[in-house]
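Paired with chain B in one complex and with chain C in the other, chain A is shared by the two complexes that follow.
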Partner chain A sequence: MSRAAHPDAMSPAEPGRTRTAPPQKPASWPSHPRMRVYTLFGWTGVLYLLIGFGLLETAWSLGQGEVVWDAKLASFSHPAYVAFHLLCLVSVVFVAVRFFRLFPKSQPARIGPAKPPPRPVILAGLYAVWLGVTALFVAILSGAIFS
Partner chain B sequence: MKALLLRLEPLIWLLFGQGILIGTILLTGWLLVVGVLLPLGIVGTGADEALSYRRIYLLASTPVGRLVILALVALPLWKGAHHIRHLFIDHGGADHDAPIALSLYAIATAGSLAAIVAVIRL
Partner chain C sequence: MSLGTKKFVITRFDPDRDTEPRTEEYEIPVQSDWKVLDAINFIKDEIDGSLSYRWSCRMAVCGSCGMMVNGEPKLTCKTALSSYGDSLTIEPLANFPTIRDLVVEMDGFMDKFQKVKPWIIQAKERAVEEGPQHQSPEDLQAFKQFSMCINCTLCYSACPVVATDPEFLGPAAIALGHRYNMDSRDEGADERNAVFRGEGTIFSCSYANECSEVCPKNVDPAGAVNQAKFNAVVDWASSFVVKREKE
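On to the complex of A and B.
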């Protein structure tokens, strides 16, 4: 069972001008479905850290020459690597869907004279960019373009 | 240590936010290729095929290619480091937040610096 939240966990070094209530964990922590999804969102960080270092090794192997690069690509067909990449893919899609839903709500109502577009437009834009960049990336890496 | 973390908070949040947004957008295509298309044999690795060393090196060594690789490596590290820090806080690790946070950000910094070296080497 997890311990109670530390009341000073996120407090600034000096008290601000506005008094705020100390942070408290909800009574339903961590069994409420919303909390479970929130925690799962946090756990994707482990996979992002691992895939970041995996990509670093891949980029490094590209700089080491053809033999190392070919060995690296061959290792990607190992079942353990396939399982890891598929898990990362599921995790990345989960992060995208959750974050894109949150992003329009986090926009300020106004920046100077400019107002952000309506939330559905921002959401549609994010999905368009995501799908477009993914299609472009796959097309480049699969040799459909720039071959 | 906590004062230092608070001073760095805007930079850390910038890298974390871009890790979620840009990192996620870029990672999807990469994972589709190496996780699905490559094991299924749809994308080839032979001498004249899509993922051949010569072709990928040519693409990766362009300025845009280097930038994309740098973003693809470094931004997910910051997303990961910041989220793991908050997992520790949420699960009762707030008393040790400063050393844990500094360790995680040091790992992300080291990985980012190594990524810069990796793209310069190309």
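On to the complex of A and C.
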């Protein structure tokens, strides 16, 4: 096995009389495809943290006068900035697809007398809402509506 | 039909002699219809009688023969040997202390199990004269999947939260608590949801979904844990509207 788990993982409340070997994490974790996806999912949080800082900095520059604001707008077309946002787009799609896959089975069997629809219907609904919201934002940002 | 020979690298640990686990290698002739457990039984019967491990039913019902096979938790009586190459690594279940060789300490699991009150709770004991308490097929369907658990604890070995948080109740215990919450005969959901809302329970789950991936009985403990999250929140919110007798 590759790495030690928490030394008290699955330990009994009252220690037994026999000396035990400490718990180990599964040796397959670093290389297992499912665990790699899970780890990647965790790392996407770093991207959202960076986006948060970027939003704060943008809001701050808005209050620093026209020159600073214009410079900030100009920086949005920098290749590094565009590449970062492409990476964020891929990340959001990855997180959404993973969430959509797991969401249907998280629904309770019933809430009072109401039962959730079949899981494929929930999944289809999630994708439909996602596509609808994306289309709405594209329409707003392109000036097709609310311009 | 013979599959030739395979090499088994097996973790050994004798608490009276070894300071830490070590490995031993065994090369044995194997048959095409063997499960991994058959090979381990062959090693114990023919080569090394001191090898310690748990097994009983040989048909994926008792849940006692869980081990790590090539780094993944498997029920060895259900895992075909033919699906592996020439060499297999057999280790005790991950995330558990090891008592001896492939035998892990289960008392910690039983401690967690009891915390979710895995029995039917009723405010008033039902009199025999009242006859059986009927359930519709729909009532049964609400919890049947979660009652198929055989307590093999593979889900605990696969869970990244169990590996890092000793307080976490874990997949099987929460799934069983959820199973009783969904049982139409049970009246103990308030008590269990109070446990579920505590430290180290359902909200510690990061939904890696590994427990459901390795479950040999398709119980889907990850689904149960995350349904329990929803129910516990609804139960907490409704407590502001509906006064509970015990509160």
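General remarks:
Here is the rule we go by: the second predicted complex is superposed on the first by the 106 of 147 C-alpha atoms of A that agree within 3 Å, B and C clash if a C-alpha of one lies under 4 Å from a C-alpha of the other, contacts with A are read in each partner's own complex, and residues count from 1 in each chain.
Here is the rule we use: contacts are C-beta pairs under 8 Å (C-beta built on N, C-alpha and C of every residue); 3 or more make two chains touch, one makes a residue touch a chain.
Just so you know, these numbers come straight off a predicted model, no measurement behind them.
Once chain A of one complex is fitted onto chain A of the other, the partner contacts of A:R19 are limited to chain C, with no touch recorded for chain B. Judged by the touch definition given at the top, the superposed model places A:H6 against both chain B and chain C. Contact with chain C, but none with chain B, is seen for A:H32 once the two complexes are overlaid on the shared chain. Between chain B and chain C, it is B that contacts the larger number of residues in chain A.
In the superposition on chain A, A:K105 makes contact with chain C only, not with chain B. Overlap of the chain B and chain C interfaces on chain A: residues 5-6, 8-10, 12-13, 42. Considering their complex, residues 1, 5-6, 8-14, 16, 18-29, 32, 34-35, 38, 42, 102, 105-111 of chain A touch chain C.
Partner chain A is touched in their complex by these residues of chain C: 11, 13, 15, 18, 20-21, 68, 70-73, 89, 91, 94-100, 104-105, 107-111, 141-143, 156-158, 160, 162-166, 170, 182, 206-210, 213, 220, 222-223, 226-227, 229-231, 234. On chain A, the positions that touch chain B within their shared complex are 2-6, 8-10, 12-13, 39, 41-53, 55-56, 59-60, 62-63, 65-66, 69-70, 73-74, 76-77, 82, 85-86, 88-89, 92-93, 95-96, 99, 103, 129-130, 133-138, 140-143, 146-147.
Chain B contributes residues 2-3, 6, 19-21, 23-39, 42-43, 45, 49-51, 53-57, 59-60, 69, 72-77, 79-84, 86-87, 89-92, 94-95, 97, 107-108, 111, 114-115, 118-119, 121-122 to its touches with chain A in the complex.
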